[in-house]
Amino acid sequence: MKSVLPDCPGQTVGEALLRRGVSRREFLQHCGLLAALLALPAAAAEQLATALAKARRPSVIWLSFQECTGCTESLTRSASPTLERLIFDLISLDYHHTLQAASGAAAEAAREAAMKENAGKYLVVVDGSVPLGNPGYSTIAGVANIDVLRETVKDAAAVIAMGTCAAYGGLPAAQPNPTGAVAISELVKDKPVVNIPGCPPIATVMTAVIAHYLAFGALPELDGLGRPKAFYGETIHDRCYRRPFYDQGKFAETFDDEGARRGWCLFKLGCKGPVTYNACATMKWNGGVSFPIQSGHGCIGCSEPGFWDGGGFYEALSMPARPLQAGVAAAAAGVAAGVAVTFFNRRKKAAAKAGHETTTLEDLEQ
Amino acid sequence: MSASLDKGVRVLKEMIDAPIASYFSSCVHCGICAEACLFYTETGDPKYTPIHKLEPMRRIYEQEYTLLGRLAKRVGLSKAVTDAELAEWQELVYNSCTLCARCSAVCPVGNDIVYMVRKMREGMSAAGHSPEGIKGAVTRTINIGSPMGVKLPAVKAQMKHAEADYGIPIPLDQEGVEYLVTLSSMEIINFPEYLGAIAKIMRHVGKTWTLSSEAFEATNAGMQIGNSDLARVIVSRVVAGAEKLKVKTVISPECGHAYTALRWEGANLIGRPFTFKVQHIVEVLEEFRAAGLLKLEGMATDRLTFHDPCQLARRGGVIQPQRNLMKMVAKDFVEMPDAGFMNWCCGGGGGASSIEEGEELRLEAFKRKKRQLEAVKPDRLVTACANCRIVLEEGLEHYKMNLPVVGLTETIAEHIPDA
Amino acid sequence: MDTLQFLTWVRGTGLNIALVIFVLGVLWRLAEIYGLGRKKDLSAPRNMPGASGWATILRRSLPPPGMLPTSPVSYIAGYVFHVGLAVVAFLFAPHIALLTSIVAAAWPGLPSQVVDFVTVVTMAAMIAVLIDRIARPVKRFLSTFGDWFTWTLTFLPLLTGWLAVHHLLLPYTLMLAVHILSVELLLVFLPFTKLFHAFTAFGSRWFNGAMNGHKGVPV
Amino acid sequence: MRITNDQEFKAALAALDNCSRRQATAYLIRQALDLTPDTRVRAGLDLAVRCDANEADLAVAASGVNSARVATYTQCGHDANWTCQASHFVARAAQECVKPEISASGAWEAAMQARMARICQAIAAGEGTSNREAEAQYRALEAYLNSKEGQP
């Protein structure tokens, strides 16, 4: 495996962890968990720990474009010091305009400095989509998002598109997409881009991707939509604890009926679990406490491309969008056409009858 | 397009109605009708599949009365029906169809295929594509009064003969009697004993009856060839005769298609309901039996079976009466497999027996009847249709089966005590 | 167009188009057929119990005496796939949910495993009738492009639905979209192919039953 | 003995034993042999007049006569040829004579079929319906009975 580790001076991850009082035993446990999440073989945990301990803290530049900061919230609002929190602390977050203390020219100077020092080695994390309609729709320090992106990505090692907006355009790109928002992957073609969709995405996924990158010097295996397969390989529906109810045909019909209280399948209430590829059902949220379906609401499919335009959140997947209106119109037109065709056919038949020449014996011999 | 083809196509357009449109739209090409058709089952040739016999008519339906058919015709995807095609279909529509209606009885989507064949024949005959044999029968019926060229003197001779045979006078042209007895030419020519049997039975039950010098012939070759204009001329003679003599009931003879022509098509051909009742002789005998008027003596001890004429049973609704009558005279009455509603045709109905070139096929198809008979091994075969009777006899002779065939009416008459 | 957009299209615009063509086509075809009318029968009717159009609609659902052994595949596989199609189409919970939204009536479904089993059996029966169509001289003789085409139209929704449920061949989202699209194709072509027998078979049976019932023959 | 009507004719036939009745009937039918060219019918009647005819011979003859009978049916819808039809009725009459047992009614039946054959000839010729065959049959039966009386 070709190493793309940043060869910068400074602490290794292992040293940083020790200094923060994380024991080697705890660290190994975390690595085992990470390996499991990344669907690596058991032996890889040890390898991961060794590699990770030696890895140098990478410089990370976090760019926020058309976004709501929900992705950052997702990362920072962990209730207890979780692994992702620890790892997050252990990267060198050199630029993040929500979290960093510096502001104004100083902030931009920090970004430029990090890029210069770690040219070719730093990671760029992006949340939010980029507007192509008018550069003025979204700017940072007077510079259009697209320009900031191009400049920052130029010397980066890889780009992580955090959240559905960065990965697929998300809410800003929903119809009619007034700002002309596009996904990062449409703008960055010469660097590896990892999509971690979700609104917000699961924080652990990002830390796992970074850990993988640090330990093995390469990005984890991605699917056709640029998502790490280890987390986006199966649908919510496949892993949902309510799946047996679906198989038995037991559905909640409303949010307060007996079925809802008994925790039956939410398919009929619009759950998009069957078409949503994400790890919510297994990893859950808030330290594994719960996830939307467990709390009684169907999945809205937030990590799928175009989810916002994918039909009502409360319409079952098998539901047509607006069949009745069209059906009634067609029925009316059909009745009218039917009357017309009946008239036409009958006239034709009557004409044949009127033209009837009585058959005589001679006619038989024709 | 020749004038005759044009005429035929126009007639077919006139014939196509809601049932036919529904039938063509319902066919799923399952081929089950073939399994019901003795011309297919005995030859194994798929061209005898009943629904296939209607292919030209189906195309005309689609091209004239459906949206997609009209479009397909316009862009040349659907070819117009040609004279050559109708000529090719003549064999399928006439020689290999006896209008037995087994196909109509089995079609899973409910298509009344025989109804369509009957209508198809309207177009075929108008286009000049009908067999010489039936054409001759129609011509003779229109010109002479009988498909077999029987004239009144021949009938009178037979009457006289029967009077001598049975010693019972046979009334002619008597007004106001209850029954007008009609005959088929077949009975006048081949089975004069029918007339004597009727005379014997009528005297036994004490009913008044008559023959008519104008309406002695009940058959209707016009219906067999499938031409309503000609069939109307023929059936009108019976109607006129019956109304002139003011009879209550016209008795259709032991003939299958004559019953269909009088009982079911007649009123529709002349365009008004009849003022008299039409009954097949078997129905009349059943009424006599049910009323206790038939006091028969002796029972046949040999093994008898009954061949149901298609037009009487499956197409006429007379199924149980003949069985009740058989049980009056037969100690050992056995039913052939599929007897009654699903009985197999003798192979010569619907005008097929008058098509000379169809004889080979007819004898091939007779194998079905042969198997049916071999399954029960009767000593005598009873039926109630003169045409069935001859076709059966010819088939039996061809396959060297020694089995006498008799009519039901004369069998009943034989058991009537001499007065 | 990504798969969710595709799915959205087939569920929305696509379904609307298909339904409009279906409803329009069915009404048009029904008018085209039954608008032709028929003549009144002037002959005196013979009344016989069980001889009527309605009786024939029911009676023709069973093979007439002696017919089952003549075409066992047509009959047995025919029953299996017709009943199977009805079960899969109308008793699978997601389908019920869809229909409920259209006809505003709900009914209980069958467990997914049962529907899954029925689907497999139905597909097997359809393959059996296809083989029968190829192997039997009469069926092969009668078969036109329409017969192969409509078989495919009917088989695809079963196959794609089953593959989607089992996450085979294509990602679920795409397969679900393909499944819905296949049903839409079925709807679009139904009024204009022999599949229209789903509607006219009842009319045909009624006509046959009524016309023969007039003669006192319970066909 | 003199026969003047059908009652006497029937009674005379009924009075005979099986062999004589067969013989007598065959003689009666032979009166109409001019109406058929069919050798099978002729052969059947030739056998029937012999009292020593055994059942096997009769069965062979019956098969031939039956073929002749069926072959001369006028088929439905075909133009009637009354001359051919006459031969049909002769065959039908002959059929009664080659049965193993001939009943009185069977003999009467055969005689009637032969008369029918003569009627067909009359129809074909466009003559009236007067039936000469009955008288001919009375004379033939008288002759047969007289010849029998002459024998010991």
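We call the chains A, B, C and D, going by the order they appear; numbering starts again at 1 in every chain.
In this section, a contact is a pair of C-beta atoms (placed from the backbone, for glycine too) under 8 Å apart; a residue touches a chain by one contact, two chains touch by 3 or more.
Since the structure is predicted, the reported quantities are computational estimates derived from the model, not experimental observations.
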item: Touching both subunit A and subunit B (chains); value: C
item: Identifier of the chain whose CA centre is least distant from the whole-structure CA centre; value: C
item: Reference subunit D; chain at largest CA-centroid distance; value: A
item: Length of the line joining the C-alpha centres of subunit C and subunit D, rounded to whole Å; value: 68
item: Geometric centre distance via CA averages, subunit D-subunit A, whole Å; value: 106
item: Separation of subunit A from subunit C, taking each centre as the mean of its C-alpha atoms, in whole Å; value: 40
item: Whole-Å separation of chain centres (CA-atom averages), subunit B against subunit D; value: 33
item: In subunit C, residues with contacts to at least two other chains; value: 28, 32, 35-37
item: Multi-partner residues of subunit A (at least 2 other chains); value: 341, 345, 349
item: Pairs of chains found to touch, sorted by chain label; value: A-B, A-C, B-C, B-D
item: Subunit A contact footprint on subunit B (complex, rising order); value: 2-4, 7, 10-11, 13-14, 16-17, 64-65, 67, 125-128, 130, 135, 138-139, 142-143, 225, 227, 229-230
item: Subunit C - residues contacting subunit B, complex; value: 28-29, 32-39, 41-44, 46, 48, 51, 56-57, 60, 63-67, 70-71, 74, 78, 136-144, 147, 192, 194, 196-197, 200-209, 211-212, 215-217, 219
item: Contact set on subunit A toward subunit B in their complex; value: 341, 345, 348-349, 352-353, 355-361, 363-366
item: Touching residues on subunit C, where the partner in the complex is subunit A; value: 2-5, 7-8, 11-13, 15-16, 19-28, 30-32, 35-37, 93-95, 97-98, 101-102, 108-113, 167, 171-173, 176
item: Touching residues (chain side subunit A, partner subunit C) in the complex; value: 225, 235, 237-238, 246-249, 251, 267-268, 274-275, 277, 301, 304-307, 309-311, 315-324, 326-327, 329-331, 333-335, 337-339, 341-343, 345-346, 349
